[in-house]
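Before anything else, here is the set of structures, which you'll find just below.
What follows is subunit A paired twice: with subunit B in the first complex and subunit C in the second.
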Partner chain A sequence: MSADPLQGLASVGKGQSTRSLLRVIILALIAGAAISSRLFSVIRFESIIHEFDPWFNFRATKYLVANGFYNFWDWFDDRTWHPLGRVTGGTLYPGLMVTSGVIYHALRALTIPVDIRNICVLLAPGFSGLTAWAAYLLTNEMTPSSSAGLLAALFMGIAPGYISRSVAGSYDNEAIAIFLLVFTFYLWIKALKQGSMLWGALCALFYGYMVASWGGYAFITCLLPLHAFVLICMGRYGTRLYVAYTTWYALGTLASMQIPFVGFLPVKTSEHMPALGIFGFLQLLAFLDYVRSAIPSRQFQTFLWLFAGGTFGLGLLGLVIATSAGFIAPWSGRFYSLWDTGYAKIHIPIIASVSEHQPTAWPAFFFDLNMLIWLFPVGVYLCFQQLADEHVFIVVYALFGSYFAGVMVRLMLTLTPVVCVAAAMAVSALLDTYLSAKSPEPQEAQAAESSEGKKATKSGLRSTSKPVVGVYGLWGKSMMVSALAVYLLVFVLHCTWVTSNAYSSPSVVLASRMPDGSQHIIDDYREAYQWLRQNTHEDAKIMSWWDYGYQIGGMADRPTLVDNNTWNNTHIATVGKAMSSREEVSYPIMRQHEVDYVLVVFGGLLGYSGDDINKFLWMVRIAEGIWPDEVSERAFFTPRGEYRVDGEATETMKNSLMYKMSYYNYNNLFPPGQAVDRMRGARLPEVGPTLNTLEEAFTSENWIIRIYKVKDLDNLGRDHASAAAFDRGHKKKKVTKKRGPRVLRVD
Partner chain B sequence: MAPKQRNAAAPSSTAAAGPSPAATATPSSPSSPAAVPKSAIAKTTHAGSIQSWDKIVNNVLTHYLDTTPQRTKLLDAFMAFLVAVGALQFLYCILAGNYPFNAFLSGFSATVGQFVLTASLRIQTTEANKGDFPSVSPERAFADYVVCSLILHFFCVNFIN
Partner chain C sequence: MRLLTTLLSLTLLGAPGSLAAKKSAEERFQLYHSKALSSAPVKLGDSAYRELTSTPRDYTVAVLLTAMDSRYGCQLCREFQPEWELLARSWTNGDKQGESRTVFGTLDFTDGRDVFMSLGLQTAPVLMLFPPTVGPHAAVSSDPIRYDFTSGAQAAEQVHSWIARHLPDRPHPPIKRPINWMRWISTFVVLSGGLTASYVAWPYVLPVIQNRTVWAAVTLISILLFTSGHMFNHIRNVPYVAGDGRGGISYFANGFQNQYGLETQIVAAMYGVLALSGISLAIKVPRMSDPKTQGVALLAWGGILFVVYSLLLSIFRQKNPGYPFSLPPFM
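Entry: the complex of A and B
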């Protein structure tokens, strides 16, 4: 797996055709390694869609396959966001679903009967092989050494930073988007180097495909103009840049506007304005370039001042007018949170509540990239040494990507390709230096030295002008090479370990170890969703926190109130309010939204950390953002500022619907007074909470999922509290006490 | 190149000294070496910016008419036409509103895109730029142009609603 045998083989095969054959075989092997290292989850568990978002993609793909492309395009989904519904066809990136739909129909046409689920599960590993190939192509544009490309393909194939989003079953937009990202960059470099319209158009087409696949396309939209801008600032404006950039922009923008979800954004939002600005700027430069060739330089200066001043004034005026008149939308919240990491926490809790939008902790870089992270600067340095247009691209991409990877965890994904490319350049430079066994003859060296001597007196650094200084002993070389080989092997070990331990859990199915070391599968999620599917009416509305919306839609096939699309903050806040308020407040909300069942996730019995009590504060915060008078985050903390669930918990906490649903009947599992929440390590009060408006419908084997049925209105017109008290056998006296002061007259 | 520039500079300065700075004089009289010091004097006088502006425009025109082959002029005419059409559309958008915004956008970007592609074709087929495009022959450039235009218009028609 390390580069050594590759290098050795490459030097054995001297002929051109042998080499290209070897290259193809090596690339195929790398693709095979990339695919097979992503199959841990399929082997350990089964061929299943992972996590949350993939379930929606899977559901949409099934809809596409069943109903055809046009129905999919116009899909209005009334089974999510009840009662609002969602214009799903116009609010998703269709690239992923269309890709798997095409593969499905192609295989069908070849009379290979294959389940759409298996295509969806294996799509990401399949595309990772293509990504490795794209990384090979991109690196080959940077350096003449072909081993760098193969190394880059290898790194790209097994780097955990990319595997994290592309294991089998992780059927998410990123699965194909990273391939498209790298390939678009390759085409851009190609277009820039050749100055060819055709490559520019291909770049635009793949950019369009990228826009159709992932919201992260804005990264390309910003990076290419930035590259062009840096080139212009370095005085490297040329006709090739003009041809490549303008072709890409003109075609690519049109292509991106074909996606209904993107629509007019490229001409309206500020994220896309740099690309437009550079486009206009290049027109000016091309014109100035022509004029400069036509008139003498002195006149050109006058011309330049007049022209540039006029254009700048006009442009500024236009921008001010457009912004004040509202033609250009202000920057969106997610954009602000890229610059100010505290912004989202203050202003938009719904963005901050997603864990992958958190800033990256520094060990994550090492965890995801291992030795590549310290080879990365070396590669960037090598780029600085040559600094042709394409190397500037790597430098710009490295800076840009590093910053954004530091701001948001998920953007590690966009950094990984450039790290792989740069690190591969560094490693191949090392290997090329130390693997060549021949050393120069002493006379040759002297001759070279004497011929260089004259030049050396002129140029400053002696060492740079003397090419023959170096290590030529076989001993030193072999030491160096074997050290590098050990690093590469350790890298492979690390990648495999990370993939197997950290990134291969479906999170729908949990695994634990029995005392004897055998694996124990915890399958509560599917148990509960299956229960919903079999025991509830087809149109029963399920209320849950938005994290589980896609899974309920995908696995249980029941309408939900909110899901992971999070397009309507108010609706989510409504659910948050229902969860965090007293029953008397929540019940009308649930009635208004026709909720039939409420689903909560409870990890107290098992010690499962991703449960709703741990997410509860986000519900409170989001609800507080809309109803600051009725929901207050402070009321959920004890006077000492602790978030507690035991006997010391605040009254607000104890009376909230979420708390009651989580701990309802929980103390019956334990001997009296010994109920313990294993997740939070808290001893619960002896008397559990009472529920008046809900009744327990289902609790899964390990209590992870609890489903409650919303009671209908009481037949006798009592309120639920008194009806429930009556059922429990309390005397009516308690009811009269609750009635309060007598009202004499009611208008 | 240098004498030509000087020659080109001369007639405009004489024309600027007269009452009517007409551009008609530019191609006819390219030889008046005595005017070279005169142009330097003219620069020092006030209202020099307008005069030098005229001069520059004249120079560019002369250069253009002298050095551009007929085919390239055809391309330029097409580009001028595209600019006119684009300006017209933009004017309409400002005056009459952008109601079918899809239609406006696709129409406008069709002109812009075609303009850009034509400019690229013009750049790639110009003799002076040959060194920049070692892999693009004029025939290849034209084939690229056709393919790109097809893609462009496919998107425009699809977007027009």
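Entry: the complex of A and C
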């Protein structure tokens, strides 16, 4: 042991094992930070499942845990999409549910009794720790500097772009998919670098897991072939690439076809075609390679390119013909909207209506990535320095990912990993330069430069043709390092602030501030769902807009007409038509679908923006897409083109079921003539709407949720309007013929 | 609007009815159908319009009321006109016998000012579909059905399906788009020219293609474009700049979900400057052999980085007023 404690302290971190230990500790701390920064919502509210889709995943997980895997696989759910039902087992990505099911059973086997809900709530934060680790591994493949990996792990752990989909309670496919994405990429790089079949097979295994978890697997399916193609174009074809790619493709495709929801899509749809095409192309290249080794020839290179190019062109032609002839499916709508950006708006209102399918404005990028967004190009530029195979991957991923993130807000999620990796490379390059205590001697440096300057480097970037000298002054180093420390500090503060303010709201429970600054919880959703659970028949069918389908299924446990799995556009349009038509039209629709209760969300009292009147135009649009003669979006706008809800609203608007249900009895809350919609800032007419075919069943504390019961047919055989009029005490109108001036018909 | 058209058809019943009475519905249809066969859609004037749409009629009339003259500056009219002509021509040619009993006509504002006035039309183009009032396909109401071009110029196919929907149990001749020979030929010429040029220029182009710096520049520029919201501008067609209401220019849109074209360019430029200073600090500065130059460069790039980042934060704070972080000097 060293006698001097200072020297002993300095030597810590020099040895190999101490370094590994430190690295493990740092990674563990990063994982801890990643997990704990996602717990805001649990601490503020409670351990609750968030938003919409997670409620379905939660319900499916409960079913899996209760009924076992095989029943889950064959699950036909007759409580959604009434009366159609849904083949749930065959139309979902089971990875998430199976993961939490396995964790649940493992913990039970260890005699640790944990509620399945808590596993579901905490799954996403748990996996974010793993994602940070995967980012560390991926970055270490890119650069020899070990600090880059740790920085990447840190960035990945707390970048809001990833936190947005992985806070505690956000129990969605992305929760585990981002870890699988990054880890699959790491395994791919590993397989490619070593040309190893083992790593390729591992890559395929995790790719299969990814396919089982998230529809975003198509991102991998397109990115890896693209990377391979770019490498081939750069003349870097070799056995390593061949082994890695073919192993991944063959095994990975087989694995992906085991998922019922995916099935034969990998050989049918166009978004899987690049992978198949590159697979065939590689076989051709390998064949030509073999021929070349057998028949030596000088012109072989030209022949090879011509042959390969010709075959590729022919294959592309065949693909186009097969697509146009209908042998293989055309681009699916969601995917197509990524390329032709105007497509969705015109043809598929249901896709355009989802807010996460909107394009991304620049503040969203900065909000989600902060300083990483400008460090990102620096890192990509650094990749061009060496431009080994793995750096090409980062470049391709960066371009591809930033395009898609620009087109669709939700794809920010797939961009975040590469941003973190590239930015970590940039920061670590800066830190490595400016943190080193060694300062160069000017004479030596100049001598070295003059000797090396003569050896002109042909390849590489122009800016890196000179040798690295180092930084001279201590003041410069300390200035840069302290500035970097400030930026990093701002980044951490930013991430925490964004997570705490923007991404930690369960949206099932709302929070508002009282005048004295204390927090007030608005719990209308759960109040209403609880009411449904307690007061309605178990098989009472609830009609609502599709946004609330999963929540009703999950929290109220009642059958719904439509839900967030928007697979049947016509059925959704039916609900849209019922909501946007007059009562006389809507009532038969509701009777035909055996609707017992109708649920609407109304934010007028509280000023809650996510309510149904604000979403109403989408219902109209979707309904208009199916029944253009009966529903017209134009009729909901005033002649001056305004969308109004007050006295000036159009007759169609005032007579629509949605309007009536939202504002029914609302004016009784206010003094006569003073009713105000606080959301839209509109003064409502003095006489509220009347409802004939529905009766109010429940209205939550803040009027956010209103539930109406659909009246049964009248006992006396009257129509509902006259029955309601009779109940209101109006005398039955004498049926008298209007006697206008007599007109002689001349036709 | 509906009231006005009703009034109009009432007046049509009255005064010009005497004019229409000269010819029977069948004669009128044959006359205009033969006109349409020579050149569809039939170009109508005031009187022809009134004659064609007079009741009783046992045929359908589809009239496009448009304003093609450049004085009126109707962009939509000019965009839709070729589609309309294509629709009318392929319908009429596909139905030479007149089995669908439909006449396509165009009424330009310059020829039919009175019709526009009597219909009270403020905008153009408007497509009116007059259903038959007598005969096997007679509609309940003789009022014309109006097609509004609310979402821009429509393709002929969309209008075709709209018309077909209102004419049930009748033949609907499909649209036949003529092959655009000019376009094919020009594509072929351009393509072969491009191939020849690239073949000739290949030795000069190859070094550029293989140049890593060029690729790096292209990559970085595209990344900056995408991350500064260029695709949003492209999809949403945002304005380049907007006035601030006091005669000046407002460079930054209010609100988190909005942006202007110029705004994204400013942001992209700022990202570019930040990235450039990052690259210089990481790559160029440590490669400078002269201590003095290096010190100056370090100070300059470090300073630029700090100031621009501070500016970026302050702009972001303007977009998102609740944002609490800032760096000097733009606090």
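Assume the second predicted complex is superposed on the first by the 668 of 747 C-alpha atoms of A that agree within 3 Å, B and C clash if a C-alpha of one lies under 4 Å from a C-alpha of the other, contacts with A are read in each partner's own complex, and residues count from 1 in each chain.
Note that a contact is a pair of C-beta atoms (placed from the backbone, for glycine too) under 8 Å apart; a residue touches a chain by one contact, two chains touch by 3 or more.
No experiment lies behind these values; they were computed from the predicted model shown.
Look at A:L251: by the touch rule set out above, it reaches subunit B but stays clear of subunit C. Annotation for subunit A, partner touching more residues between subunit B and subunit C: C. After overlaying the two complexes on the shared chain, residue contacts for A:L306 are found with subunit B alone; subunit C is out of touch. By the document's definition of touching, of the two partners only subunit B reaches A:R240; subunit C does not.
Looking at the shared chain after the overlay, A:F366 reaches subunit C, while subunit B stays out of its contact range. After overlaying the two complexes on the shared chain, residue contacts for A:Q194 are found with subunit B alone; subunit C is out of touch. Listing the residues of subunit B that touch subunit A in their complex gives 5, 8-9, 49, 52-53, 55-56, 59-60, 63-64, 101, 105-106, 109, 112-113, 116-117, 119-121, 123-124, 128-129, 132-133, 135-136, 140-141, 143-145, 147-148, 151-152, 155-156, 158-159.
Subunit C contributes residues 55-56, 133-134, 148, 150, 162, 165, 212-213, 215-216, 219-220, 222-224, 226-232, 234-236, 256-259, 263-264, 267, 270-272, 274-275, 278-279, 281-291, 294-295, 298-299, 302, 305-306, 309, 312-313, 316, 319-320, 322, 324-325, 327 to its touches with subunit A in the complex. Residues of subunit A touching subunit B in their complex: 194-198, 200-201, 204-205, 238-240, 242-243, 246-247, 249-251, 253-255, 257-258, 264, 267, 283, 286, 291, 293-296, 299-300, 302-303, 306.
Across the complex, subunit C is touched by residues 341-342, 359-367, 371, 373-378, 380-382, 384-385, 387, 395, 398-399, 402-403, 405-407, 426, 429-430, 433, 442, 445-446, 449, 459-464, 466-473, 476, 479-480, 483, 486-487, 490, 493-494, 497, 501, 628-629, 633-634, 747 of subunit A.
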